[in-house]
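In the two complexes that follow, chain A is the common piece, with chain B as its partner first and chain C second.
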Partner chain A sequence: MALIDLSKREVHCKIVYYGPGRCGKTTNLLYIYNSMNSNAKGKMLTIETKGDRTLFFDLLPLNLGKIKDFDIRIQLYTVPGQAIYEATRKLVLKGVDGLVFVADSLRVRRQKNIESLKDLKKNLVDYNLDIETLPVVLQYNKRDLAGSPIPTLSLEELEEDLNSDLGVKAFQAAATKGVGVFETLKDISKKTVRYVATKHLVKPK
Partner chain B sequence: MADIILTGPALEQARTQIDESLVQAGVHTVLLIDHAGNVVASCGKNRKDLDMTSLAALAAANFGATSQMARIIGEDDFSLLFHKGKKDSIHFAKIGREMILITIFGDEVSLGLVRLRVAELTSNIEKIFGLDN
Partner chain C sequence: MKEKNTIPEPEIFTAEIEDTIDDLFKPSKKIEIDPLTQEIKEVQAEPEGAQESPLELDLKVEEQGPPPVEVEAEAAPVEDEKQETLLELDLELELEEQQGQGADQAEPQKQPESAAGQAPKAPDEPQDIGKRLEQLNQQLFTIEWEVTETQIHQTLDLLAELLAAPEVNAQARTHSIIELMKRVLQNMQFHPETVPATAPSVLKKSTSHLTDILTGKDVQEEDTEDILLELKALIEKPEETVTEAEPLFLDQEALMEDQGDKKTEEESRLEEPGPQGPAPEKESLHGPAPVFPAEEGLRVLEAHLIELNRCVNRIEPLEKLLSKTHGMEKLYRFQHDIRRTLEDQILELSNCFFKGRELELPKPSRSEKDSQDYINSISDKTGASCPWKELLTVNIEGMEIGFPNDQLVYASAPPWLSKSAIRKGESLTLARLKAWPWSKLKGLFKGALAGMDDSVLSAMSFPVIRRLGDQELKVPSSFTVIILYDGENGAALLTGEPPLPIKIPEDAEYTPEMGGGFEGQVNTNGNIIKVATASSLNQV
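Let's turn to the complex of A and B:
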């Protein structure tokens, strides 16, 4: 649920990066945080955890400028990927306006990708949301490993596993190097703002 | 999550109420947030060092986490939470099903007074925003 503040003329949208554990959701946010200039970004919040896993969520507020004198503010969240943190993962989804599903290109993670997408759909249904109507983009992360000896999934396999029902735009990425990170962000922000605007601000003719 | 519409006058009315009951009782800052972590209104001392966005997101998450705990012990949820610090403390109260009132106050204000005022405010704000049905 977006927050539209008419007195301050601000629109707040919530975009959640979802995906299996260790697929690179936090890495996406960190890359965005490190590359944006300080006027446009807020403080990045990460909750202290043991090791490099996200226990609760990461949060990065961004300011995307104005549309028709409304300030567009976007909050990027990540969820904890590990299956065991189901309750917290579901909490973060509350009030989501746009979704990035980050998939891991490693072959060993194939099942985890599929399970995570299934878990996402289930959690959305619990909030009366439908993955078909919400803005969603896919990101196939760790594509830089495709040429290496590490067994990875081909794009066709990823498409078949994850995008055959959804049919949404998918980006190839290598989040540690920043490849595809901003392309994903740009596309999902555009879709989310359009979604929120048509739902709440612009009356259909 | 249902869409809530907050009109300017309703928001202004809520701000005035918060101001009259809590801020004038001496609390530092009061935030009204929703369960998704958005700041709906802020009152009291405008502390520049206070990262409201993060605070709101964490408070919403904190509420979510504790309501899971509540469920484990057979409760629906906990309607208020309190964290005591050395100098400043923080009090969270649920308003309707969608909102949380966060009160930050120093040791010169008693917890009893905050609880009393928050309890009164809760039903008033619920009425203003039509969350009481």
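Let's turn to the complex of A and C:
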């Protein structure tokens, strides 16, 4: 859940990049981190938890500065996509305010995309969250491979597989080149801030 | 001030935020990320219309064609990809394919770099002061989010680099600000409970002020004074609440740094050996802290410095060995960072307390030197050539295949219940290795899987490798299941025989990166052992 501290005039929003392993979630964050002007971004952190096993996720804090005397901060997280990291994935989703579902355009990953979206929905339900009400955008990554000899999914197929129920905005992207990365970020950030402000900053009657 | 207690109108508020998002969330430069190595390459902006380079063409197609595609769900079905633009992507496709075959491990693999807190760039690259200040600003942003020891260390390193810069040394005020910032960070590290919550913002303010000074902006002397006072206020606060016993000379270090020629009572005591025993003034601040007389304190400090220096001398040969050993890069960096931190501490303390006095730090002792020579000789002989001293080998289809001992986590005949399923399966779920459905998995494995809980182990599965190099691997009716796992990648092989250990002689030759599932090959007097690791098998 968004952290809103009226006494300190701070609003923190949490956006999670979700998707199957190797679809390009971290690449999205790396691109944002490396190409964005430094006055709004913090350092990209990779959290490595070592216990019985090694778990990872990334965090990139962004600061919008003061608006109407409020400090607005957006935290971007990625989850580990690999199946065995289910617990971490679920943990990272805790308190999420906005979601980017990054899908892999490679045809061989079709099933993984679908499974990952199912996994996301299931994990959200466990937190009493509904994907229908949360701000969500889809990003179809690796579109630069379309038209190449590598078998890729068409946009219709991706829409059919992932967006037929959701009906949310979707972006094509090639995260390694930055195509679609900032478009996705801007859109989900706006949606999330609007969602958080409407939900938590309603003026008392 | 009136606005302080009001809640903004959501509509106006969000509209304003959206404008800010539009302004801020845009790339300041064009980069490309290597999909395989995650290396960042800066791309020169080409003039409009210049499309000679296939890569550029590729970018332009994506950017200028139907704009970075926003597929509105309610919009008409999206036109299929521009088939007329055959993009020259061969190289990238190869890379993508390799990355694809590297399976799901690619993401975690690269991440430890960030975990170490390193921005993806060469660490020893010379950097200008602006870059360092930018990094410092980023570090402080991060500390504002979460104070961790690693972050503080990295920020202290950055401050040390800044202190060494001639631009900083040329001005006393920049030097003082950085010294005080260091002190605040050290307090954050050792007495976090005493550091006021405003510390991160004061540090950021100080960095901004530093940037102004160093970039030649017109900075008022009073503003610098204010910054210094704010920083000092942060430092002075913990002293009132510190309860642990601390030697007096530590306080002296603090005071020497920020007081210049103004001497405090503590300093005077240190410089002129006063009455033995605890100083009453200090007691009032620190409670019953043991107070060292100056000479005694310096003597103890000198002994500690000598010991620290000895530690550095011990680390050096190990670091050298690790630097030459394949697969030990992370450990090397770890040792390297420890050594650098120790050296910085020695230098700082020596400069602070033994300025003008020659502190004789010992050279490596004979035994240390001997061990260093020994390690050097080993690394010269074998470090660069073969990374392993021992391998576990099996003979598969006439090939001798070796596995690193530390990666082989399981080697045993399959349980009869699931033998057939394992034989045919594309992947091996560890739960299949249970002798009986109610059996425990814990205890069956060694290495990185040892000690994991059953719930975790049961959920893990690894690909079963069916081909190595050009060779299709046939599974005999009676077979051994071998599992390799390095903490990130895992793979299973079904072999006709259990693996046997073999020592690798020092003069063995090693040829890395063969492909086809092999990490490299070791030549021991004409006997070729192809080495497969968990990560190389995942590239098959």
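Here is the rule we use: the second predicted complex is superposed on the first by the 190 of 205 C-alpha atoms of A that agree within 3 Å, B and C clash if a C-alpha of one lies under 4 Å from a C-alpha of the other, contacts with A are read in each partner's own complex, and residues count from 1 in each chain.
Here is the rule we use: contacts are C-beta pairs under 8 Å (C-beta built on N, C-alpha and C of every residue); 3 or more make two chains touch, one makes a residue touch a chain.
If you're wondering where the values come from, they're calculated on a predicted model, not measured in any experiment.
When both complexes are superposed on chain A, chain B and chain C clash. In the superposition on chain A, contact of A:14 is made with chain B only, not with chain C.
Of the two partner chains, chain B is the only one touched by A:88; chain C is not.
When both complexes are overlaid on chain A, the residue A:108 reaches chain C alone and has no touch with chain B.
Of the two partners chain B and chain C, more chain A residues are in touch with C. In the superposed pair of complexes, A:61 makes contact with chain B and with chain C alike.
In the superposed pair of complexes, A:186 makes contact with chain C only, with no contact to chain B.
Once the two complexes are overlaid on the shared chain, A:116 sits clear of chain B and of chain C alike. When the two complexes are overlaid on their common chain A, residue A:141 makes contact with neither chain B nor chain C. Using the contact criterion defined above for the overlaid structures, shared-chain residue A:127 touches chain B, although it does not reach chain C. Chain B is struck by only one stretch of chain C after the chain A overlay, and of the options 63-71, 117-125, 189-197 or 297-305 that stretch is 189-197. Residue overlap on chain A between the chain B contacts of one complex and the chain C contacts of the other covers 6, 42-43, 45, 47, 56, 61, 75.
For chain B in complex with chain A, the touching residues are 1, 3-4, 8, 11, 34-40, 51, 53-54, 57-58, 60-61, 64-65, 68. Residues of chain A that touch chain B in their complex: 1, 3, 6-7, 12, 14, 42-43, 45, 47, 56-57, 59, 61, 75, 77, 87-88, 91-92, 94-96, 127-128, 200.
Contact residues on chain C toward chain A in their complex (touch as defined above): 3-4, 7-10, 12-14, 16-18, 20-22, 24-35, 38, 40, 58-59, 62-63, 67-74, 77-78, 80-83, 85-87, 89, 92-93, 96-97, 99-100, 103-108, 110-115, 117, 119-120, 134, 137-139, 141-142, 144-146, 151, 451-453, 456, 459-461, 487-488.
Contact residues of chain A toward chain C in the complex are 6, 9, 21-22, 25-27, 30-32, 34-48, 52-54, 56, 58, 61-65, 67-70, 72, 75, 80-84, 86, 106, 108, 140, 142-150, 154-156, 159, 163, 166-180, 182-183, 185-187, 189-190, 193-194, 197-198, 201-204.
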